[in-house]
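Consider the two complexes below, in which chain A is the common component and chain B and chain C are the respective partners.
Our next item is the complex of A and B:
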C-alpha cells in the first residue's frame, strides 16, 4: 500500500511542481497586466469616477459642502427643488423637443445620404470625404460658423436674400426660427457620424439576399424595407443609443447660437445646469440636475433599445 | 559594459518616469512659490496685452516672475470659480470684473486688501467705490468706465444735427433721421446674455430707476423698467431708428467700424479701434442720453484681486499694488487711450506731449461719461440679475414676452435669485 501510495504522492508532487511553475507564469503575466493598466485605471478613477461620486454627494448636500468641503446633508431636497422649478421643466421639455426633432431628421437624412453614397456612383468617395468633414470640426467652432450663417441682419442667409432682392428671416428673434437654427446646426454636426456608421453597415451586408430579391422582381422600396433595414438593425441600434446620449447633452450649439434665448425659449438641460452652477452658484442644485440628466438620458437610451429590440424580435 | 534591458527594467523605468511626471507640478509649485505668480487675464483685452508687455518691469522691481493665463471672456468667471472651489492654487491674481466682486468676496474667493494698501487718496472716489464691498477693499481698479455715445459727425451733420442726443426723445429723432440705405441710426442690443443686459440696466438708471433698492432687493417691475422696455421697442419698431433682431455687441461694433451706424453706445476701448477705419475727424464721443437729460450708462470697473487661495499671496498683493500704481496706470491710459482711476495718472496723461489733442479730448469725454453715470449695484446676486434682464429684453424685443409679462417674470426671478 505504501509502495502503491508513493507514486501518487510523487505524481502529486510533480503535479504540484508543475502547477507551481505553470501557475507562477500566469500570475506574473497577471501582475504585469495589472501594473500596465493601473495608470489608466487610476487616471479613469481620478478623472471620471471621483467627479461623478463628488457630484452625486454634492447633490445631497448644501452649498456649504461645495464651498467648505464639510458635509451638510439635506437628502433629496435639491432634487425636489430643481424638479419643481419652472426653469428645469422648461429646459427639459425643450431638450426633449430638440432630441426628437434631431432624431427624426437624422434618421431620414442619414439613411438617404448613406444609400446615395453607397451606390458607388462617380464621385461617391469624394462626397464621403466631404460628408466626414464636420466630424473634424470642434462643435463650438461649427456652432460659431452657423452663427455667422444665421446672424440677424448680416448673416450669410440674410446677405443672399438681400442680393435676391428680399430680406432674410430674423433667426434669433423668432422663437421657432431660433429653435430651428439649433436643430439645423446640431444636425450638421451629427449627421456625418450617422452616415459613416450606416455606410459601414451597408458595406458589410451580404449581397446574396439583395441579388435574390432583385431576381425575384422586388422593387427598390421593398428591398429597402424588407431586406436592408432589417439587416441594418444592429447598426441602427448603435447609432440610436450613441446619438440619444449625445443629443441630450447638447450644449455648444445652444450656448453659441442663441445663448438660450430669446427669453430662454431655446434653453436646454446642459445650459440650465451650467447657469445653476456658474451663474447662480447653486452647486448642489446643478449637481442634482446633472444626476437627473444622466438618469433621463440612460432611461431614454434604454427605452430606445428595448423598443427596437421588441419590434425587431416581433418582426423576426 | 552593455547592460541588457529586461522587461523588469523597462517597467521600473517607466513607472519611475510616470511617478516623476505626476509629481512634477507639485514639486515645481513648492519650489516656485516664492518667485512666481500666476495672473488670470481676459484673453484679447487691452489689459491683457498691456500687462503682458510690462510684466518684466514688475519682475525687475520685485524679483517675482509673472505667468499669464488668458481666458476667453465667456469662460473667465467660470474658470476662476472652479479654481476657487478647488481650494485655489491655479491663480494668485484674478483680473476682476466689478460684477463678480461681491459674490467672490461673499464666497471667500478673494481677500481684503485694506491692510495692504496704505493710501487710496490718489484713486478716484468712484473707482474705490466700485471695488469696495461691505467695508472691505476687495480689489484695486485699473479702469472705471461706462458706455460712451460714439457718434458720426458727418452722418449727423447730413441729417441736420451737430451734437449727439441728450434725451431719449432726441435719441429716437436723430437715429430715425440718420437711418438710410445700409446705415442705421443706432442699434439696440437685446441678445440674451450679460453684455446686452448691462444696457437694460443703463436704461433703468436713465429712466430714474434702479434694479435693486437700497437693501439689495430687486426692483424690476417698476415704472422705470416699463419705460426702459418701451423705449427699446419704440426705437426699433416705431421710430425705425435701429434694426430688428436680437443683436449683440459684436454686431454693433462691426456695424460701427464698417460705417453702418450713426450712433453707437459702446465701451471706451472702441475709440482706438475706430481711429483707422472711421477716422478721428469723422467721429466723437459723448455721454449717453437719459430719459430727460444726459445720464451716461451704468458704470463698471475692472481691476485686480488677490485670490484667497493664492499660493504666493504676498506677491499677489504686490502685483495688485504695482499694476494699479500711478506709473502703471499712466502707461495704460497712454497706450490704450482709456480713462484711468488715479488723479496723478490722469495728470501725467494730460501733460504728455506725445498724446494727440484729439486723443486727450476723447479720454476726457470718456471720463465725463463715467462721471455722469451711476455704478452698478454692489450686490452678490448681480450676475443673476443681469441674466434676468437678459431674458426680459430678449423676450420683449423678440415678441416672445409682452412688457407686462417680462416685468412680472423678471421681478419673480430676481427675487428668487436674491433669496439664495
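Our next item is the complex of A and C:
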C-alpha cells in the first residue's frame, strides 16, 4: 500500500538509489568493494586466521613440532589427554559456573538499577555518571582494587569488621569465598555496560504502550513483565551474547585476584591454558585446550543466538 | 523524560533513590579505596586495623611510582595502543566503507566473520604470536604488541564504522561521483569529514581495548623494556610482598584519563557499545 502511494519523485529517487547500489557497472562496483576491504582482510588473515590455524595444527602434533616446526602427528591424543585431566574439567566447570552466576546476577542487578535511573528523577544524570565510571576500567586494575578490598588484615572488608569488633573471613583461603570474590569483581567491571545499554534500550522504547497500560490500570509489576521486558528483548539478547563471550574468556580477574587459588580451585579455562603453555610448557596440550575453548564459546554463542531468534519469531 | 511518564508515586521515587544511592556507593567503593590508599604512607596502609581514610595524607607513593619503571610502561602502552589504533583506522575505514557501500559476492559472509572473531579468546592467539615473535625478535617490544593487537582492534573498528557508514547518505556519494571524485577522493574528502563522530567512537574503543589489554601483553613481554601499564601494575605483586601504596598510586594515574573519557564521551561510548553489538 505504501509503495503504491509513493509520489513519482520518491519512486525515481528509489530507482536511482538502486542503480547506485548494483547499477550499470556492477563488476566495477564489486571490484572497488574488494579493493577497499582487501587490506583489512589480509591483515586479519595474517594476524588471526594464520595463528588460529597454527594452533589447530599444533594441537594434533607434539612439542617437537612447536619447537622445531617439523610435523609429528599424534591424532587426537592431546585432546583426549587434556579432556581427561582434572585440571581441565575443573577449569571448564569453573568457567561455566562464572558465566551462569554472572549472567543471573548481572541481569537482575542491572535491570533494577537501569529502571531506577529510567525514572528520570532529579539528579539522575549525576547518578548515571557515577554508575558509568567503571565502564572502561582495565580488568587488571579493577581486580587489583578488589584484591585490596578482600585482603586479609589491611583490606577494606576486614578493616570495617575490625572496627566493629569482629574479624573478616579469609577470602582467598576458602574455595567458595574465593569464587565469590571473582564473581563480585567481575560484576563491578560488567555492570556499568549492562546498565547503560539497558538504559539506552529503555529510553528508546515507544511511550504509547506504557501510557495505555497505565491508563488501563496495570500495576508497575505487570507493566514491567508484560510490556517493558518483551520490548527490551533485542537489547537483552545483545547484552547476553556479548557478556557470555566475555565471561567465557575471563582471565585478568582470576589471574590477579586469586591467582587461581586456593590450590587451582578457582582456575578458569584461560588461566588453565596460560599455565599449561607458559609454566608447564605443554604447548600442544595448551593448543588443544585453546581449540576446545574456541569451540565451546562459539557453540554457546550460536545456541543463544538461535534460541533467541526462534523465540522472537514464534512470538512475533 | 519518558521516565517521568511512568507511574509516579512518592514511594516509588524513594525506592529508586535508595537503589541508586546503594548502587553508587558499592560501585564507588573500590575507587575510594584505591584513591585513599594511594595517599597513605606504607606503615599506615599495613597497620591493622587500618583507617578508612588517610591520617597523614602524603604524595610519597606517587613520587616512588613516578621514579620507577612507570614512565617506561606508560610509553610502551602509548606506542602499542596508539600504533594499533592508527593502523587499525587506516585499514578499518576503507574496509567498513567498502562493506557498507560497495557490497560484493561473499561480502556478507566476511562481515559476519569479522564479528564472530569477537568470540575468539585472546589466549588462543598468545602461543602462535609468542613463537613467531621469538623468531622475528619482536618479543618484549611495544612494536610487536602493535601487530598482536590488530586482530583485536580491527574487527571492533570495522563493526562500529560499518554501522555508521551504512547510514551515510547515498546522494552525497552520487554527487561526489558526478563531480569526478574517485573512490579514494570521495572517501577522504567527503566521507571521512562527515563521519568524524563515528570515527571518533571507533578510535576511542580501539584505543581503550588495546590500552587495557592484558593476556597478550603478559605473554609477549617479560621486562619493563616492553611491558605495558596493565602488566607493569600487576608486577607490583611480587612473590614476597605487594607494593600496595605504589600500585594504588599508579592505578590512580592510570584511572584519571580513563574516567575523564568515560564522563566526557559517555553518549558516544554507549552508542559504540550498542553498535559494536547490534546485529549480533
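Observations on the structure shown:
Going forward, the second predicted complex is superposed on the first by the 267 of 316 C-alpha atoms of A that agree within 3 Å, B and C clash if a C-alpha of one lies under 4 Å from a C-alpha of the other, contacts with A are read in each partner's own complex, and residues count from 1 in each chain.
Following the convention adopted for this analysis, a residue touches a chain if its C-beta (ideal position, glycine included) is under 8 Å from a C-beta of that chain, and two chains touch if they have at least 3 such contacts.
What you are looking at is a predicted structure, and each value in this text was computed from that prediction instead of being measured.
Aligning the shared chain A places chain B and chain C in steric conflict. Touch criterion met: A:278 reaches chain B and chain C at once. With both structures placed on the common chain, the touch criterion links A:154 to chain B and to chain C.
Within the superposed three-chain model, A:124 lies in touch with chain C and out of touch with chain B [touch as defined at top].
In the superposed model, A:39 lies in contact with both chain B and chain C.
In the superposed model, A:258 lies in contact with chain B only, and not with chain C.
For chain A, the partner that touches more of its residues is C, with chain B and chain C as the two candidates. Legend: residue contacts after superposition of the two complexes on their common chain; A:163 is shown touching chain C, with no touch to chain B.
With both structures placed on the common chain, the touch criterion links A:66 to chain B and to chain C. In the overlay built on the shared chain, the residue A:194 is in contact with neither chain B nor chain C.
Once the two complexes are overlaid on the shared chain, A:106 sits clear of chain B and of chain C alike.
In the superposition on chain A, chain A positions 32, 35-36, 39, 66, 153-154, 278, 283 are in contact with chain B in one complex as well as with chain C in the other.
Across the complex, chain C meets chain A through its residues 1-7, 12-13, 15-17, 19-20, 23-24, 26-31, 33-34, 37, 45-52, 91-92, 94-95, 97-99, 101-105, 107, 110, 114, 116-129, 131-132, 147-148, 150-151, 154-155, 158, 170, 173-174, 183, 208, 211-212, 214-215, 218-219, 229-231, 233-234, 237, 244, 247-248, 251, 254-255, 258-259, 261-263, 266, 269-271, 273-274, 277-278, 280. By the touch criterion stated above, chain A contacts chain C in their complex at residues 16-17, 20-21, 29-37, 39-41, 43-44, 47-48, 50-52, 54-55, 58, 66, 109, 112-113, 115-121, 124, 127-142, 144-146, 148-149, 153-154, 156, 158-160, 162-163, 188, 191-193, 196-197, 200, 202-203, 205, 207, 210-211, 214, 220, 223, 238-239, 241-242, 245, 248-249, 251-252, 255-256, 269-270, 273-274, 277-278, 283, 286-287, 290-291, 293-294, 297-298, 301, 305. Touching chain B in their complex are the following residues of chain A: 32, 35-36, 39, 66-67, 151-154, 170, 172-175, 258-265, 275, 278-283.
Contact residues on chain B toward chain A in their complex (touch as defined above): 7, 11, 15, 18, 77-78, 81, 85, 103, 107-108, 191-193, 243-247, 251, 254-255, 383-384, 387, 390-392, 394-395, 397-401, 406, 417, 420.
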